[in-house]
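Note sheet for the following structure.
The first chain written gets the first letter, and so on, giving A, B, C and D; residue counts start at 1 in each chain.
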Amino acid sequence: MNMGSWAEFRLAPHFNYCLGMAVEEVSTSEKLVLTLSCPDQPGIVHAVSDIIVSNDGNIIQSQQFGDPDTGLFFMRVELESPRGRGPIDEGMEKFGEKFGATWKMDRMGRPLRTIIMVSREGHCLTDLLYRQRYAQLPIEVVAVVGNHPDLAPVAQFYGKPFLCIPVTKETKAASEAELLNLIRAENVELVVLARYMQILSDDLCRELAGNVINIHHSFLPSFKGARPYAQAHDRGVKLIGATAHYVTADLDEGPIIEQDVTRVTHRESTRDLVAVGQDVERRVLAQAVKWHSEHRVLLNGTRTVVFN
Amino acid sequence: MNMGSWAEFRLAPHFNYCLGMAVEEVSTSEKLVLTLSCPDQPGIVHAVSDIIVSNDGNIIQSQQFGDPDTGLFFMRVELESPRGRGPIDEGMEKFGEKFGATWKMDRMGRPLRTIIMVSREGHCLTDLLYRQRYAQLPIEVVAVVGNHPDLAPVAQFYGKPFLCIPVTKETKAASEAELLNLIRAENVELVVLARYMQILSDDLCRELAGNVINIHHSFLPSFKGARPYAQAHDRGVKLIGATAHYVTADLDEGPIIEQDVTRVTHRESTRDLVAVGQDVERRVLAQAVKWHSEHRVLLNGTRTVVFN
Amino acid sequence: MNMGSWAEFRLAPHFNYCLGMAVEEVSTSEKLVLTLSCPDQPGIVHAVSDIIVSNDGNIIQSQQFGDPDTGLFFMRVELESPRGRGPIDEGMEKFGEKFGATWKMDRMGRPLRTIIMVSREGHCLTDLLYRQRYAQLPIEVVAVVGNHPDLAPVAQFYGKPFLCIPVTKETKAASEAELLNLIRAENVELVVLARYMQILSDDLCRELAGNVINIHHSFLPSFKGARPYAQAHDRGVKLIGATAHYVTADLDEGPIIEQDVTRVTHRESTRDLVAVGQDVERRVLAQAVKWHSEHRVLLNGTRTVVFN
Amino acid sequence: MNMGSWAEFRLAPHFNYCLGMAVEEVSTSEKLVLTLSCPDQPGIVHAVSDIIVSNDGNIIQSQQFGDPDTGLFFMRVELESPRGRGPIDEGMEKFGEKFGATWKMDRMGRPLRTIIMVSREGHCLTDLLYRQRYAQLPIEVVAVVGNHPDLAPVAQFYGKPFLCIPVTKETKAASEAELLNLIRAENVELVVLARYMQILSDDLCRELAGNVINIHHSFLPSFKGARPYAQAHDRGVKLIGATAHYVTADLDEGPIIEQDVTRVTHRESTRDLVAVGQDVERRVLAQAVKWHSEHRVLLNGTRTVVFN
């Protein structure tokens, strides 16, 4: 299998299956997006463009980056292949072996099968569903999962199934098993923690590594952990922020995808900061989900390469 | 003496002396800026406006803030007093006693007598001197003090005395004594650490409390301590920042005056971050010095009230 | 009548009526917000604080601004009045006559009775209703009015009446009459044009002057008129923006309340700009509506004073 | 000749000569930056990478962009060529003919020979010279030219020749001839108008097209022409900005390279806006000069492609 085996984050088998299905269906010209990373060395761009050109394909847009720190090379190509993805897949298979590359290819614009997980605060959920409906966000929301039932009406309004999976200390393992079953049964490719106030177990983090995006309500690494706005208020900062990152077992330490801040003053109470911060949170999370879904985010150790 | 005895930061005696001098010289109409803080209670604004009005003065602009957390009230008034500052001073003296207020009054636009301290990097110094010359920054640069001689030519170009006070582990106490002598002899009111790579002793921090501004090259509280840009690069943040704060004995924990950030990507090396960050550093420091010199920054415990 | 007769923008009679009603109901301690403007002169702050203090009231927060260009003075006071608003009203009545001031007073946090007008694009409406529900926006949405029925479900989801008033060249006068009837019948105080793609008649603009907020999808005065994103794309700008302003008979020339921008590159098509711009539009409009509803925006000729 | 003949902007002959000289000198491995634009068609990236690979070169970094509006394709490649630039030049010569491409190649990091033109305001000049000295800006300042002598000391401090060429209505033609002689004699490649308050003649604009960068002190297309800050103040905007653009005969209409804004309030006078705006001006101009000097800016009709 060629798909999705990144240096650091292994995709769950069902992800491969899901993506693999697409291969059979395609036969005529289509737009594809190809991402890869491998040890930096001469000839990478040429080899990739050779695969494309020798199959009468055309590069629409492309970006590359060589990281002198890690010695890794990253590439994202948007291409048009008149003979479909089959021959490109074959060529990339050989390329992957020769260059020691991990790579992925997908139809451009194909919405990722996504679960959005929530607790009680609806600003991020509302925003994601709004953007998804109006075609700004290439995700297909398979289900909204909440550990509380509060946001069911929002999911319902946007015509999405809502599943309540409560989590207590005792039921945590069972709850995560239920979630994982859902993910597998529905071929879910992306899990978005949209102010989901539960911590995933280490096992689940590893199982879904690279495919779970969380929004943390501070400008990391400032104010890790609980009640970041209260911390921010106490410290008297003049900007507050939010951080979207991949979830790892190491809490609030996962690779950062996007961050932003907004200005505050001495007048804002902690409660005000919460309200002001929600704007930044939903904007940053939506941006990260969009870039991830467009295959613009590549993992580079504990950091990310974002071809935006 | 009524001046400058703030709740948390006591002014050195010579500061009082220096400000006190101004009192004698004034006799006719002048523009004044008055700042005060005291326990919140009814009648503060009325009492202050009463002092002004009963002396035929006029309020040009004014801002107030009551902090529900600390129960303190803060006020900044720009006023015109046709009979000079004398009667206003007298009224405020009584007001201060009655309301338990700490307060300061100064001629509007009077440049603060300032020392800028530097090491080898000149971006903040160049910026401050440029702004001072072109009248955007109401400071009077009494001297530039460096622990290295590198930036003497910059001071010289702007016609400012440059004093080299090297600091080693052995000479630190003597160096600080020399600095303090200079501050006293020259009636210095403000010390700006413009990328001065030395840590002031706890005693000196206390002695000059509330009158020393430092620029830290990170978005505090992220990346305290040494090499913040290397830390930022390792963490893979998407924004880098700078923080101007009052210096306290608690390193990088002083009250924050101003912060700002700028966007970076995966492409920037630590070296690039240093270069990009310099722009933010100098902008943030200049802003903080400007607000401080215009008496817009009031201390509120470990935080600041900024009437900008 | 003392309420709402601003220098340039007269409130419709029913506005006064609506506000006036509140006077009777109040008898015990309450928080009030007072705004005023008048020709600048000594003693204004003192006179206002005198009214408050002599009625045992307390100033919580206050801001003033004197405009040297127009010679006008502006003030906003948040106060607590233990005897209710009655005596403050009386005092301000006399103050208004003596100082030639226009002034308004309202209960702090009282939601303004608001109509939101829309066409087909729902991003601003969705955002306003979301914020209103979660108490970030002090408005009471009396009705959503659309010239198309498309957004009825959004209004319905948030439990707001939706009224479809189609507008054609022939029916424009009748449609506006219907709108005005609704405004009067419902004591509407604020009309928000949330991407309402119709131009109000000059008469209606005058009738509702100072109480209609529009969002224009460009950084005014750039790209007035139709299709601003296409204009922006053609010009190759590197930032696109949005502008919230009071509606006047002079199209896109009303007093600006708030503006913001976001960065774009050569890669974005006009279509992309539209999508990116929606984020700025809804943020800017929500900010302007919030400030207006909190009585933070005062008119200063063709400009605004925003006490934020 | 292959160099610098862009679709819309022809380089003056001496530019070619100057760049051509470099060809002879190089023989061993070097880092090069290659930029090209041509009608979009399959095989461009492959052909370019073929030239590089077949000469044992390596692509360090590369960006491409196809503009669906104009049908043009743009590419920037940073490469390492172990056999020097000679064989790459030869390959590109053929490529250029085959694909109808205009292209340029330069040694990476080679400072562009630059003239900075000024009048009386020194903030942009001071900033550019500071950055150039501390190696953030890859330009070689051949001369500072002023129509007033005021800024001679700034040039002198940074060790740059200052040439005063006054301009009056009568002497304009002679002054421009003198400037053009200097440009030719010194093989100048870039002219930066750093708040130079004179308008270049149409002929000079054409002669230097694509190689003159101006900073306009507004967020174009807002507030074209004279006194933009006064215009901004009158309109009551909430953000002011600056625009760096290539100079064309059509005043303030040249292709935009970079823009930025900063927030202002009702409190700022026109004079304040001027001071605040200077920060944005110098930052935007320095950014544009840096990108241009690093060959990151490609012309796309009246717009730019910026590979930053």
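In this text, contacts are C-beta pairs under 8 Å (C-beta built on N, C-alpha and C of every residue); 3 or more make two chains touch, one makes a residue touch a chain.
Here the structure is a predicted model, which is why all the values come from computation and not from measurement.
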Distance in touch steps, counted as few as possible, from chain A out to chain D: 1
Between the pairs B-C and A-B, the one where more C-beta pairs touch: A-B
Identity of the chain that, by mean CA position, is farthest from chain B: A
Chain centre separation in whole Å, for chain C relative to chain A (CA means): 39
Computed distance of Cα centres, chain C from chain B, in Å: 38
Distance from chain B to chain A - Cα centre to Cα centre, in angstrom: 44
Shared interface positions of chain C, touching two or more other chains: 61, 65, 267
Chain D contact footprint on chain A (complex, rising order): 41-46, 49-50, 52-53, 56-66
Chain B contact footprint on chain A (complex, rising order): 65, 67-69, 219-223, 234-239, 241, 255-261, 265-267, 269, 300, 302-306
Residues on chain C engaged by chain A in the complex (per definition of touch): 61, 122-123, 126, 130, 134, 136, 153, 157, 267, 275, 278-279, 283
